[in-house]
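Read through the structures below before going on.
Paired with chain B in one complex and with chain C in the other, chain A is shared by the two complexes that follow.
== the complex of A and B ==
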């Protein structure tokens, strides 16, 4: 009997191919895993079916959605509603009552505000006559001074104001917001407001006594015409109930419009155009507006030079009346379930049949086997869902518009992030399931665990939306489902009251932060899987 | 070529069961080494340890002096058939071989070569889930040969094979050994390897009971004896006893003689003019030798342990 004691002898057989560097061997592994994946017909069929379902469901949604605000607003009736865009390109609400005069390139407008009160418009009159107004509390009602490039909706502006319950503020171009004096306005505690214009630069001030002024902010409005409109404005958004998790309309607002009335005196305009006089304009108050118009709003100029102005609406980014492009991604949810199942089976099927031994005998470097599986699975999932989503968006967005839905205008980058991110998220979840499958080595268990972690939180918070907001927000922070925030295309603004819930497309984490949470779970699962697959006997 | 399997002092415990208890043997190139023992003796566990699938608690297993996990493209060093049922049922046989080939940087041409070697040409594009056990064994053999390795390990390759398949397998194993490869073939049935293996490693309860050539094994268990049928029974007994043989009367016209070679028995009887109807050399079969060796090592003695359930084959 001979034994191999001479370990220095090169024992490779003559037929040994040229020795491959490690990187090439990983390429071999990738190719082997890809061959494995593509040669199980059920998996390939499932991928194609999930792609087709993604597209079909997206197109179904786009042709059957009717989310136009004027069909659900107080005015009712069908219409085609186009959201105005602000200077930054975002969708905006720009509806208010405006008492104004022309202002030249240099000038200052100053006013004292002595009251701001709001009323709801939806009080039912038992006698069946016109709806009666009832006092209401609207935290983000706004009244003050505004300098605007024009009365077209979406025009550039800068304003200083007192709000219902967020104190004095300076706001500009819909998304800009800076706080001034805190506290509400009253006759006993009036607020002095001032805007000065020097060319493109507009500076806002507030004061409690008209003598000591504090600058709130200064903004540049590029290309502001030499003659603009300046004056008093009042507006009041519909009251919302942000805690209403199961909002039935996409807007998330479940109660009606309000108006606000403010009293102004000590109005002082310098730099006004010669011969100008005060004019009242209801900006954005057309018949299609969801806000009260006509006689419900207006102004009164008293003999002593004071004004009482009533307005309704909002000057803010619009986060409730449109639909994001990700509304078309509903079908992705089914694709995601399919890919999670395939992801788990890609590993557990090998354990079930003992095939894992052939795999690990062919490639004893087990961590790399796991990595190759993850790359193949993630790559296939990403490519398939990216193609499906791109097709969905290309066909779906025009369909969505043609069926009367205002689609939020978003930048190309944001739209690309939502599409690429959704495809990547599906891939991340599939890889997560692969890791879970490798840890549990049992198909049904792994599928159940992965779906529970990924799908259930989303279903509970956004799908059937049975959870209270606090629990929903928590789930969408700490579970892998946090990754769905990659689909949020419209940001939540602290200065706009709305139902910022997952059901309405708003997530507690920033898009990439949520995506990172999902990735963290996938890395964690793969890491534990890699540790276990090295330790365990195959 | 020194490429061998070298197993030394392997110990492995699964919970309370000691699966390997100092397993030590070597498989040299150029011949078939039978790896024989009752079920549960540790054959499969040893093979899994050799392939780096199971980690031994102690000892080492080397392929050509190197641990398996350190081999580049290991299927070009060792080909193994562990479990013929380890297949994705919905994948075709050819695609099963294809992913294995790709994992070693090999292509479809090599796949078609081993399909031909294993005689699977007509079935290769069918789903492996529909294969009979015998066909799966052929597929497993094809997979083991993909990398044209100098070392081969087959765990119970005869399982589920029809007689034609068994003949093919024996010839195939012999040809592989004749090419200079080290071939380790496990079985719980000695008879499957009789006339095929040159050398046997007999194991029981996780360790080697005998590591010997087949000829030595036979000699060690029982010296051969000669049966004689003759009408002159007593005269024949006297002649042979005088020459130093041990003679036992085994029938009215039969004797069993041992202690002297058969040629000498015939010569003595001829010299003595003893009429002889029949002279047979009675040799202990490998199966008998194996049963003798493993009777203490069979894990489940009652209920017909595998070794004793079959009638002993006669060579």
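== the complex of A and C ==
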């Protein structure tokens, strides 16, 4: 038998530094809540398993994501094409018919346009009748004047044009757009268009009579070479009819390629390079483009100096042919479900085990307990999902490219916003579940309420075609699911007709506005929980 | 078995939450269905709307309440410790689970029939004012139509199968919050993956095996449908999920300490 030989009363340092009363109390609470969190083995396992599954599911999606042009593309199954990038770095569509001459550093080009008509390429006009030329009905068919750095796709440009149903406009560098004269063009109501170049500055004008000119806009195209191409262009993006929301990502519109034809006269170019003559080029019309290009594109120069030009395609940002990086975030729904369950249990388990009485006895300021739980839960969720997403993107984006998907080029800031925002959104939803759990004091009820409020609106809007489109968009504004708009990496452009639906990665609210809605729900739930936890006996 | 059935019926009948949840499931289903009916617009005809799917849209929310109720039938006993009394009184655990399944199915069938009948009635009254009318080629909703009868009957069965799936999951997971997380994960996650994956074939296969998208294919009544799977085959997929969950739950219930 041995006797205790330890004569010193306590030679070890205290396990935890003593807590000063007052200002460190919150730090103490945080440590208490963190200890509670990390010592539930099931939760830690769930966090790690959901992280791994998030990454694996992201990688599965990236290797099984084949967008439509890739399977039908010019290079068959093993396709890989790259979307041209505009001067701003965004993915663009740059396909049109161009009748052009060289222009020097100073010059002006003027034209009168008397008609814009179009025909469908598949033998049917967009309204379903027989194929014949008829007044333009594709809203963003474009015809007019363009000054461009060259006929390579993605070149810098400025253009004035008449559109199918959006009047005269000036557009530049794919994303710029300014309205001019309203109304359609016809022989009775022609449109005069003018572009003036002075160095890097290009100014666009329109006029109804060729005498009284109105400036639409003046844009600077930095670093424009002294010799550029100027001339007439025509293009038509095809009819895009929004259909009922599809169950798969590719659907949402039915489209048919169209050729637009415009008649020009009074063509006047000053400042042209000497000895130049009009040349026709089908820009981007080769097999490298996924865009439906016209079979009948070309131009005819009449004896009286007038032109008839037929073109197909679009000069605009590309919002349909690529995939956004956020397609890799789908795995996050696994983490979301796990963290919502943990978030609800973080509070309700204390009620069930009676631990809440010890917690509230130790910290009578009940609101702070809730705040400490929110900070610990939110912090753990954010850190875990940020790590998971970073890994997913690092491996997934090259995988996505190697399986033939053109990934939208976005700025580092946008990509960082989407990644950090998606991780933060998961944390916000976990805190929302914590608040709901504290209000309901019922684990299953809290998980159901939180998951249904967060995931079901998104699923019904993006995945399952049962709600009318208007109601679905409305759900994505007012429910916590509005927060998913933080994942949108490509903006919706008013001057591009496309199916801007959540299924295609476009949300009705701006990224931060949607995120703010989700945060609002979390704050509301926490606020109500803080009020109730003070009012009710534990 | 009769004693077990009687015991489960007594336990469920005397819980205040049972009635509340059943009423909530029916009310939510009908209310959401009516709201979707009222939001539907088909002014000039030629829309893709399926009157059965539109008027039964509330089932997306109603099934959640059904799942919660089914989970609580098992998990509620674990959280209160009642399960030890139950298993002491009826040591044949599979019998206990079967009795729970039978009583629950009966209740859900009744609540589901009321929900579906109410939803279809709302659709019959509301939809014609929103373009889903005989003038646009949609006959008035009537259970006399074979496809509509199938959609109605199938939707009631769908809710019962969702309840059985949830019951099995709860017996396997035990903890109520985690069990409902698993069930909602199964229902929501696979369709989300299906529409994110760009490959059409894979997407279709995922919708064929997902309990929700496959099971609800029974609601399609218009034309050659774009459903991933046939109506009864889809319900069969959901039945397989429910059977699998019950089997797993039953095995775990038998092999683990309560």
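Convention: the second predicted complex is superposed on the first by the 473 of 538 C-alpha atoms of A that agree within 3 Å, B and C clash if a C-alpha of one lies under 4 Å from a C-alpha of the other, contacts with A are read in each partner's own complex, and residues count from 1 in each chain.
Note that in this section a residue touches a chain if its C-beta (ideal position, glycine included) is under 8 Å from a C-beta of that chain, and two chains touch if they have at least 3 such contacts.
These numbers were taken from a predicted model, which means no experiment stands behind them.
**Q** Which partner chains sit in contact with A:444 here, chain B, chain C, both or neither? Use first/second/both/neither.
**A** In the superposition, A:444 touches chain C alone.
**Q** Is A:405 in contact with chain B, with chain C, with both, or with neither (first, second, both, neither)?
**A** second
**Q** Which partner does A:198 reach: the first (chain B), the second (chain C), both, or neither?
**A** Neither partner.
**Q** Applying the touch criterion given at the start, work out whether A:41 contacts chain B, chain C, both or neither, answering first, second, both or neither.
**A** first
**Q** Thinking of the overlay built on chain A, is A:355 touched by chain B (first), by chain C (second), by both, or by neither?
**A** In the superposition, A:355 contacts chain B only.
**Q** I'd like to know which partner A:364 touches here: chain B for first, chain C for second, both or neither.
**A** So A:364 only meets chain B here.
**Q** A:466 in the overlay: touching chain B, chain C, both, or neither? Say first, second, both or neither.
**A** second
**Q** Mind pulling up the chain A residues that touch chain C in the complex?
**A** 57, 60-61, 64-68, 243-244, 247-250, 323, 327, 330, 333-334, 337-338, 340-341, 344-345, 348, 352, 405, 443-448, 451-452, 455-456, 458-460, 462-468, 470-471, 503
**Q** Would you mind writing out the residues of chain B in touch with chain A in their complex?
**A** 1-4, 6, 26, 28, 48, 51-55, 62-66, 68-69, 71-77, 80, 82-83, 85-92, 95-96, 98-100, 102-106, 143, 147-150, 199, 211
**Q** Applying the document's contact rule, which stretches of chain A touch chain B when the two form their complex?
**A** It comes out as residues 1-9, 11-13, 15-17, 19-20, 24-25, 28-29, 31-33, 35-36, 39-42, 349-350, 353-355, 357-365, 537-538.
**Q** Residues of chain C touching chain A in their complex?
**A** For this pair, the touching residues of chain C are 35-36, 39-41, 47-49, 53-54, 57, 60-61, 64-65, 67-68, 71-72, 75, 79, 175-181, 184-185, 188-189, 191-200, 202-204, 207, 213, 226, 228.
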